[in-house]
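One chain, subunit A, links the two complexes that follow: it is found with subunit B in the first and with subunit C in the second.
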Partner chain A sequence: MAAATKVPASYAPIDEAPPPPIARPRVVIVATAFASAGCIMFFAGLIGIYLTERATVLGDSGTWLPDKSNFPLTQPNVMLLALLCSSVMVQWAVDAIRRDDRPQAFMALGLTLVFGLAVVNMAAYLFAVLNVDIATKSLVPVLVYTIAGAHILMLVGAMIFTGLMAFRALGGQFTSRQHDGVSAAAMFWHAQVVVFVFIWYAIYITK
Partner chain B sequence: MAITDTSPTETATGSAPGASDPTGSAVPNPRGLAGILGSGDHMTIGRLYIGTSLLFGLLTFGLMGWFGIDAMSDVHSDRAPQAFTLGQLGLVFLFLMPLFIGLATAIVPLQVGANTIAFPRAAAAAFWTWAMAGILLCVSYLPSVGGGIAGGEINGQGLTFLALAGLVIALLLATVCIITTVVTLRTSGMTLDRVPMFSWSMVVAGGLSMLTLPVWLANVALIFVDATYGSPAKYGVATDQWAQLSWVVTQPQIFVFAIPALGIIADAIATFAHARQPQRGMVLGAIGAFGALGFGAYAQNVFNPGVHHNWLYVAQGALILLPVLMFLGGMIGSLRHGKPTLASPFLNSVVALLLLLLGAFAGAAFGLGRLGLQSTAQQLVQNNITIRVVSKGEPIYTWGVTAIVVVAAAAAGIAGVYYWGAKLSGRKLPDGLGKLLAPILLVAGLLAGAPYLALGLVAKADGLADSANALYAMSVAGMALAGLALLLTVGPFIAARAAVIGGGATAEADAWGAGQSLEWASDSPPVTGNFGQLAEVTSPQPLLDLAEGGQS
Partner chain C sequence: MLRSRMFTPGFKLYFGVFAFLLAGAMAVGISSEIQHFKTVREALDYQGVIYTFTGPISLGWKGAVGNHIGYTVMLVGAIVAAFLAFVLIAFRDADPEAAAQVVQLDSVPLTKAPAGANYLPILSAFALALIGIGWISSKPMFYAGIALLVSLMATWTVRAWAERATGDDEVNFQIYHRIIDPVRIPVLAVLLIGFVVFGLSRLILAAPNKNTSSIIFGTAAILFFAGVMIVYLFPHFSRSLTIAFVTIGALAILGLGIWGLAHGERSPEEHGGTTSGEVTPTEGGLAPITVGVSH
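Up next, the complex of A and B:
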């Protein structure tokens, strides 16, 4: 084995305090992109199982939806519309903060959260009118409540993330030069909207 | 500054020797228990991961051995299938993945020239969440709690699924921290194709984990909801749960957990070959292709019956041999360009590569329909052959592939602990002991996996079922040897760290005298902030550039 050597001087740690951190290249954005990808794969797995089970049951000439169940279109459509509007709002917030237009940014972030709350409220009502009992041998209630419930949980997580970034924006931490937090929150929010589009189509449209 | 951004002086609360405070105004770093519990220092978190995962590894190999012993006896214990499921999941989520994450948390920032890991507090939170969830998972399997997969009760199983979700979320969080470090915190001049192989392999492994483990989490969520709130309809039925979850520990997914092994092997072999890696692009590509071909989220036998006969699955199993062979070619190229030193990390890396090659060959053979390797226990029973299994729909052959790949990855992990021992603990681990581990791990891998591969032939080989007990005994011996290897790693690791904390001598920065990448430019163990001002990197081997007098 070669003998241990001294490290060349230009790579040796200097006996001083470390230098100040360099301007970080979008650390929060990159991390959020990976987290969003993981989130999308979670729902891809669930929706994949839903569609597979549905195709299997229908292929066996069975009935997919339980008797007396009610899968209305009105509430899911309103939820989709609200989420699409919220996507516009959160992107408006990013655009506003890029222009250092803080009043508009606050308004846009606030409206995003309002739309999020509206979706949660509508989902609660939708669950009440679905009329499917989870304690049956049907696969539909388990799948629907797991998928839709998990999406609502994730949406609440996105609201908390956006809310935190809104408070930090209020504190003046985001400017036209540094708006990573708001951009990251917007990216995670958009991911939730994309997920709902697939849920809306797979569960409420195709039934 | 973002909320998660913290300067190295704020985050590194470990007691790294040599850390200085030129202003004299900083709050002293907490020591002892407070220093461990409150630390955001990537070295401290990495050490905690490594030590804890090695201890968990001992437990999980023990549980797999118990299942083998039970399979040999005439009267089977009801708890043995539970030991098997905990052992299999533990091998991945309590041992392999956290071992590599621990190594990466400590080493990747050093390799890419970063002052700290991205999101140090998140990394610390991920460790403690993982550790608590791991303990909860083990507790949930206790008879008094009544949880566990394959035989648990619904009341206790809530804890099991909560713990599994906690484990996976924590490991994914830690993965995000590591990938983000490589992607965003590289030092000046270090382009992505210049990062050391281990860092690159962690990016590939992390990406694949982010794409596949959430799908497994979806399975867990579905089982939990059905078992807890449903009648249960299908997913939560106790006897069917393991069949929905076992895809994560069988091929091709099991190869995803071995991706970082390739990075460690490549770094160690290049270092001890004393040569620059030739065909570096090919090796990087091989690691990437190995990862892509390990994607196994679709291979869920429960929802995709007959997937083992599907052409895509069979082709994927065969094609994964190609990147392993490409990688092998790259390593041979390294050795041909240099004069290898037979240090312990080198030997253990060679063992890991050989076992991985065997695992890839075995995985490719699984698709050969004529051998009958895809026979499930249910099909074997129809031919009056009884084999002790946990899930009737699972081919026993796949256990052999899993065991070989796990021991291969463990050998690489152990090579990594010995290789970076000076950085992790402050002094090199005993090289002679490390060399002794190489033959132990080789035999362990063969004994642990080969018997199950042989049992996979039971449908075609008359009388093989009569030898099942001898084959189970061999597998138990393999698990015991693997456990011994872990013991001979965690013991010296803790002893070396304790000696350094107690004021013992520390190693040189470039402890092996042959370092190529930036981690060997930091102190052993690294000071707070890891580095001073680094020169611009102009090649994948900046220390060799400097030693050779070139621009660096």
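Up next, the complex of A and C:
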């Protein structure tokens, strides 16, 4: 920031200051697209390693999943459905803010966060019932917990991003003229949903 | 002269990356599958032409894919490149006419230059490193890193908002300090006092005896008073002197405090022995209990 003038901060002439210039559009959206691409490539590498190790073990006529492990479908299916619903919610928020419908935008953003919390809750339950001991010789526990845990981190990051944009929307910073922040948060949310679709198929469906 | 084009340069770049990675994924999937055979003809004769190609094309559903890691990474890379190409052309990135049309202006708005130096990114990186190290070694360090990261994020948010509050950079600066100083100054003061007290206490406790501890304490007090007096007596150089004294003092306390921690505290001094007839209290101040064995 520029050096302070002799006028103390308590007397800052806010009323006389010119209005802020309009920000260049689409910058945040493109940046978020690149960040999403980086995250997706990270999971591509992890899932690639998982599939390779699985193919190697199965090719040697071995058993991939450890004994006594439990890979149910109920919890992952509920997580997938919740994430798909949350994608609809966050896109509803973008549509609402684009039409200057602020109450609907706040409701949609809030519901998105609720769905995110529900997914985190179900993930915790899933980890409790997996019955996979990380101290075994098998690579399955390490890979499964790494991939699933990394997705939870990405989900938490998406929730923080969405929460921050909801806070800015509450402050009146987004309108039909400029709503890049909400669109960017929606894009990152969709990216983490797509990541979970890959995880759901690669780990919980193929087993 | 910049003018709008149907296919933007960004789209062309990432579409090329998409095509390259897609071809690469097919090549990796097919070549790694047939590498077990001596020749390509032998592989095609053994498993058929259609089977050899349907594996990579159907994402491994109707055939085999040799190297899973290479195929997966390149295929997902191709998908991601296609996504980026779509985003860049859908949102008309680097197209000034489209950007101006979105915000309903005659020309594209100028980007805002950074207003002054910002140390928050590097401090945030330090907080992340603290979290990572604390996760492995020390719980207090882990929680300290999280607290530092949360406070830095809040400060950065306020600063980013204040930089765009009005069109005057000086007014924005004053707004930022009006909001952040009532919180930042007391918190930093408490942390600084805690740092000085903890560092000096480690040094004093590591001294070999009580007299040395008194000398250290007195010397620190005299140096602090002398520094304050010098800053007061030379007001023209007060800012530079303050920065110099604070930096030297912080480094000295840090270095000596680390030395004191590594050296360890001295053993407690004796406070005189007990006389006959007095009962020596046990731990917790309770009277000693003797248990006898009956025969």
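The criterion applied here is as follows: the second predicted complex is superposed on the first by the 183 of 207 C-alpha atoms of A that agree within 3 Å, B and C clash if a C-alpha of one lies under 4 Å from a C-alpha of the other, contacts with A are read in each partner's own complex, and residues count from 1 in each chain.
We take it that a contact is a pair of C-beta atoms (placed from the backbone, for glycine too) under 8 Å apart; a residue touches a chain by one contact, two chains touch by 3 or more.
Quick caveat: nothing in here was measured; it's all calculated off a predicted structure.
In the superposition on chain A, contact of A:45 is made with both subunit B and subunit C. When the two complexes are overlaid on their common chain A, residue A:37 makes contact with subunit B and with subunit C alike. Once chain A of one complex is fitted onto chain A of the other, the partner contacts of A:136 are limited to subunit B, with no touch recorded for subunit C. Of the two partner chains, subunit B is the only one that A:150 touches; subunit C does not reach it.
Of the two partners subunit B and subunit C, more subunit A residues are in touch with B.
Of the two partner chains, both subunit B and subunit C are touched by A:26.
Of the two partner chains, subunit C is the only one that A:55 touches; subunit B does not reach it. Applying the stated contact rule after C-alpha superposition, one finds that A:177 touches subunit C and leaves subunit B untouched.
Residues 1-2, 4-5, 7-8, 10, 12-14, 17-21, 24-27, 30, 34, 37, 41, 44-45, 48-49, 52, 164 of subunit A touch subunit B in one complex and subunit C in the other.
Interface residues of subunit A facing subunit C in the complex, by the touch rule stated above, are 1-2, 4-5, 7-10, 12-14, 17-27, 29-30, 33-34, 36-37, 40-41, 44-45, 47-49, 51-52, 55, 164, 177-178, 187.
For subunit B in complex with subunit A, the residues that touch the partner chain are 1-5, 7-9, 18, 20-23, 115, 118-119, 172, 175-177, 179-180, 183-185, 206-207, 210-219, 221-222, 225-226, 229-236, 274, 297, 303-304, 341, 343, 431, 507-514, 518, 520-523, 526-535, 542-543, 546-547, 552. Touching subunit B in their complex are the following residues of subunit A: 1-8, 10-21, 24-28, 30-31, 34-35, 37-39, 41-46, 48-49, 52-53, 134-139, 141-143, 145-146, 149-150, 164, 168, 173, 180-181.
Within the complex formed with subunit A, the residues of subunit C that make contact are 67-73, 76-77, 79-80, 83-84, 87-88, 91-93, 99, 102-105, 108-112, 115-116, 157, 163-178, 181.
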